[in-house]
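Chain naming follows the written order as A, B, C, D, E and F, and within any one chain the residues start at number 1.
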Amino acid sequence: MTTVRISMQLSDATWPQISALETNLAVIPVGSTEQHGPHAPLGTDALAAEAVAKAGVEAYTNQTGLEVPIAPVIPVGIAEEHRAFDGTLWVSPDTFRAYVRETAESLAHHGFDRLVFVNGHGGNVTALRELSGEISRHSEAYAVAFTWFDSVDSEIPMGHGGPRETAVIRHIRPELIDESEAETAGQHASDHWGEWVAGVNLAYDSAAFSQNGVVGDPREGSAKDGEQLVAAAADGLCMLLEAVAERDHEA
Amino acid sequence: MTTVRISMQLSDATWPQISALETNLAVIPVGSTEQHGPHAPLGTDALAAEAVAKAGVEAYTNQTGLEVPIAPVIPVGIAEEHRAFDGTLWVSPDTFRAYVRETAESLAHHGFDRLVFVNGHGGNVTALRELSGEISRHSEAYAVAFTWFDSVDSEIPMGHGGPRETAVIRHIRPELIDESEAETAGQHASDHWGEWVAGVNLAYDSAAFSQNGVVGDPREGSAKDGEQLVAAAADGLCMLLEAVAERDHEA
Amino acid sequence: MTTVRISMQLSDATWPQISALETNLAVIPVGSTEQHGPHAPLGTDALAAEAVAKAGVEAYTNQTGLEVPIAPVIPVGIAEEHRAFDGTLWVSPDTFRAYVRETAESLAHHGFDRLVFVNGHGGNVTALRELSGEISRHSEAYAVAFTWFDSVDSEIPMGHGGPRETAVIRHIRPELIDESEAETAGQHASDHWGEWVAGVNLAYDSAAFSQNGVVGDPREGSAKDGEQLVAAAADGLCMLLEAVAERDHEA
Amino acid sequence: MTTVRISMQLSDATWPQISALETNLAVIPVGSTEQHGPHAPLGTDALAAEAVAKAGVEAYTNQTGLEVPIAPVIPVGIAEEHRAFDGTLWVSPDTFRAYVRETAESLAHHGFDRLVFVNGHGGNVTALRELSGEISRHSEAYAVAFTWFDSVDSEIPMGHGGPRETAVIRHIRPELIDESEAETAGQHASDHWGEWVAGVNLAYDSAAFSQNGVVGDPREGSAKDGEQLVAAAADGLCMLLEAVAERDHEA
Amino acid sequence: MTTVRISMQLSDATWPQISALETNLAVIPVGSTEQHGPHAPLGTDALAAEAVAKAGVEAYTNQTGLEVPIAPVIPVGIAEEHRAFDGTLWVSPDTFRAYVRETAESLAHHGFDRLVFVNGHGGNVTALRELSGEISRHSEAYAVAFTWFDSVDSEIPMGHGGPRETAVIRHIRPELIDESEAETAGQHASDHWGEWVAGVNLAYDSAAFSQNGVVGDPREGSAKDGEQLVAAAADGLCMLLEAVAERDHEA
Amino acid sequence: MTTVRISMQLSDATWPQISALETNLAVIPVGSTEQHGPHAPLGTDALAAEAVAKAGVEAYTNQTGLEVPIAPVIPVGIAEEHRAFDGTLWVSPDTFRAYVRETAESLAHHGFDRLVFVNGHGGNVTALRELSGEISRHSEAYAVAFTWFDSVDSEIPMGHGGPRETAVIRHIRPELIDESEAETAGQHASDHWGEWVAGVNLAYDSAAFSQNGVVGDPREGSAKDGEQLVAAAADGLCMLLEAVAERDHEA
């Protein structure tokens, strides 16, 4: 007898297990592999997206009894802004949009035509909105993009590799924070994202305004903060899944 | 004092750790998320690619003392041929080539301009060869594509979701094989890939020649076989890394 | 003897007049042709962008003595969200990005390689940011995108066809406001843009949340408010031109 | 009570005014921003296209009682051939075709599926023919491209910035002709377009055969000639609108 | 001992024979495979282009002593206008431009960077001009497009499958003219290409104005006329090759 | 009275002759123009593809009484690997796929929706498979790609410009083999294609492993061998045509 799984990692399932699902929802985590300062891992955005996706889907399954498949996280996003820092990976916005959209459409082919992207990277936000609109207007499916750190109402500042993201990694994968670097990471962090004149950011690369790639002081976000942030994001995602499942939609 | 890691998962590292590396090699695992029969997980190809990449890089590091970064696995490939089976994800060949190529070029931007793709899916083979040629002829980098199951000389048959792949998953993630399905998976498996006339495969979709998506009998590949297959592939990859590091190349 | 022109409409000039300029700045107004409710013209965004561009460039010329060419306004943008309302024109985001970027690069060919887009439409914002980044990172030019209504600090609410935009048209082209419709436009206006759950807008088309296409009450923005808004935006644009002229940049 | 407008500038109208129209015709002026010699404005082609569009639509409305919407002029076309002269703007042919075609298709979305481009630039002619064919064969709409100077039978020579175009600008916007330059413009004008051998033009840039960008003597076209040219073109356009309205078409 | 060849079919030569050439000229015939009425073969345009290319290159070789390579004819062009008639082949304009341009650039790679297209199809003319401009402005090579029937000054009317083309095929491949059909072909031929109003062709498909695909009476062009036409076109091509070889060019 | 043709060259036929055919099969030969050593012509692949197509279609017609149209050979393929040898022509894989696919789809437009590519070049194999899959899955047509040298079971080795290809040209166009070079061609030929490590070919260009472009000894393939090879390939193609005509297919 198989134990009931309350979160369904698509990659771990067989095709008959996927066929047996009774939902048309699917969740696609989207990350980025990019510098997060001298203390946090390049995979921060993907790890956070996966953790929130899993927690949010569990909440939804607990509430509705319905299992929802979670696609493997898309690991490389729109991150050329961090090109000055080694190890940052990126693709062009056009290629990102195509890769994510087509992945989503292959899920829709199997009947999972209510799609929620769970995003962990600021640089992906507008591209995900754009491609979700294309899917929703010009295919049979309906898609929306949820960005975990935009969904929560929290006093922990965001920044980049800052309190909010560092807190989450301290909660979910503490061994990946190089705490020996966190002190100096905070001391040399920038306190702002971008260089602004008249509502316009003059900078395109993060190296223009942050010497070590960090914005915000990572010392200000604890593992406990991270736990609360993931829980809050999971609540938001659960609400969103309900709304997406029920929404009237025609292309 | 930091412990020496003998395998370098790029996603787990910070950017200064990547900056400190003394190699221009990098490894990019490439998978697929697609049906592997009623007994094996949709993520089989990605899991195998990651396992071989890790083992091969460890062998190389042991031999040379040089750490080589391993990018996060690219999870969705060219797999429309399995569209009849639920949960299979795919992108078009054009989008796959762009996504993989641009990811590789972002590594080359940081000086990792000797690139080895470690591939776990037959449907990706020719696309990876094509894009590796484009990189090698038309950029400053040099790239080659290694497909683990084509690198080994073994009596364990390949198929699809067959003995060779099932053996590897039984070795690296045994809990993901649904052994309760393996028996019937083997009974209903096809014994051939494709429908051939005069050297031409008339079929485009695997459903045309396999009722359950399986080719080859998965009962014929044990965890021990899987261990040997991964070891053999790792040896091949290690040799390849040496050859790539030393090769004269100009675009 | 030629009178000194303090604003330089590129379309009205001859090529030797353009050759004689002593700046490397150029301004490109970007609009949209799309519904702005039953009371305001489809060309609202283009008209506002042109007016702000002219006023901002005049301020800059007054301050520095340098004339700056203003390209003709780009009339069609990213506006499919208003497709439910007749007369709305749009192109795809990809085509918009290509058209605007190549127009800008043709200016850079002549040495005008410090480019400021003056935008009047919310739907264009992220696409202009994306293409400005592409120009700035991958060509010899440097470009930024200024959106007039995001540059001003004002108590007049934005909305769509709402107080802020209607005020500006009342100031610059009052005959184009159908005042006989303004009353009911305000009565049936929506008071919010989008339908939000957990930080995600579930709606893609404005018709989903506004019956007549209007968001915000157009009765709340007078011609005098419009005058102040244009003046404030012009001040911001003038400051931005100075900053762009002086900024260190390398691709 | 609203006065009846006999020409309908789409940009000046509200969406309900466009909804009230009883035609499926629409007119899209297409210009270019490019050198027209030392005497004529860079915007010559756009200005002429707009003037002819307006006059032709008025004639059609007078004749039929039907108002026809006129889209805003597309300001940048295929003009790289004039790149040697400052201020010339251009986009690639591919981008021009996409931008114009998608603009037209957005009009067709609202039911204006009989489309007439009114073009003022020789470099756009074949691209407009190509995209009109694509629309007509592969969408529900029908489109044709009218080039004003090819529609008239006149003894005033064409050239470039020559008698025909200068005459029209002298008629519609006389203040934009720098008459102080017209004398020398004519003296240094080329008397031919291109460098021909065996029916082939060897030149790609106008600078190869015209020192100041002019072909033909602009002194030979008066404002009165311009008036007659616009009237003749308007007559042609009116006839064309009737023919397009009545034509049987299926994709 | 090898006989001197005075025409150099690239396909028939070995690579060392091509290496030994002392010219930077190359000729690329471009045809189309499309209906030419009930009497003339679908390959008419390719056959004529090849014949003129060969004769023109022979004339040039006789005059200068230099052999010039002739690429294989490109067989499929822009011919969707004839889609109503069976056997007509076509590709989209974008694909045609890419295929021809890249073929030419591969010749330029070997040092044949003065390129002359010898074209036999009206539908290819503007696309060849466009791509030749792209090559000449944006690569190291220089290219022009010669269309045989536009190069000759002759009283034999052109049409389509009409006197001029039929004459040439009667000269070069008489067995391919179905003379039993020529009589009725002429009787049912159209006497005009297109349906014109105000300088605009309302028709996109040849079937709209020709019942059998023919324009002009094929009975009016004899084999002797064809011989003279080919000779005249060859003279023009020879002159063009001289001009192209000598022309100053920089991108 | 017309003689019955048992092979139908599309280019030689008129459109009514094509209309009269009673098959939905069509054959499209695909070649390449590329170095084949100092002894064999650049057009080897196209010539072989045409010869096999003709022989195979004749066999099919003899057997079934049905004539099948043969399109003109596509002359330029994916051959950048031979760029080091003069005269080699190539296009990018993307352009090749588009050109071949669209040509095929124009045949399908006329009802020839069972398409067989007859290929003569190894570098085209995977691209033809990819585009055939796209046609078969996403259009109304069904297409397969047959590569003559992969279809035959023969002891004559393949190589490149080696025994198998040289034998075929000695049979079909003996005058194009430069026999005076065949001796040294064989002496300096490589005995392997590529440079292999762990199942990976490290070389992208043939010049990396063959000094004169030849792989395999061309002296080992006689005209008689060539005759047998063409006959064997024709038999295979005939069987394939039967299978394709009868196959159930839905996109």
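Assume contacts are C-beta pairs under 8 Å (C-beta built on N, C-alpha and C of every residue); 3 or more make two chains touch, one makes a residue touch a chain.
Keep in mind it's a predicted model, so treat the numbers as computed, not measured.
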Subunit C reached from subunit A - shortest hop count over touching chains: 1
Shared chain contacts [subunit C and subunit F, defined touch]: none
Interface sides of subunit E and subunit F: same vs different residues, half threshold: same
Geometric centre distance via CA averages, subunit C-subunit B, whole Å: 49
Between subunit D and subunit C, distance of the C-alpha-averaged centres to the nearest whole Å: 25
Of all residues in subunit B, the ones touching two or more other chains: 80, 94
Contact graph of the chains (line, ring, star, complete, other): ring
Traversal of the chain ring from subunit C via subunit D: C, D, E, F, B, A
Of subunit C, residues touching subunit D in the complex: 9-19, 33, 35-43, 46-47, 69, 71-76, 80, 83, 85-92, 94-96, 98-99, 102-103, 106-107, 109-111, 176, 178, 181, 213
Interfacial residue positions of subunit E with respect to subunit D in the complex: 80-81, 93-94, 126, 129-130, 132-133, 136-137, 144-147, 150-152, 197-202, 204-205, 236-237, 239-240, 243-244, 247
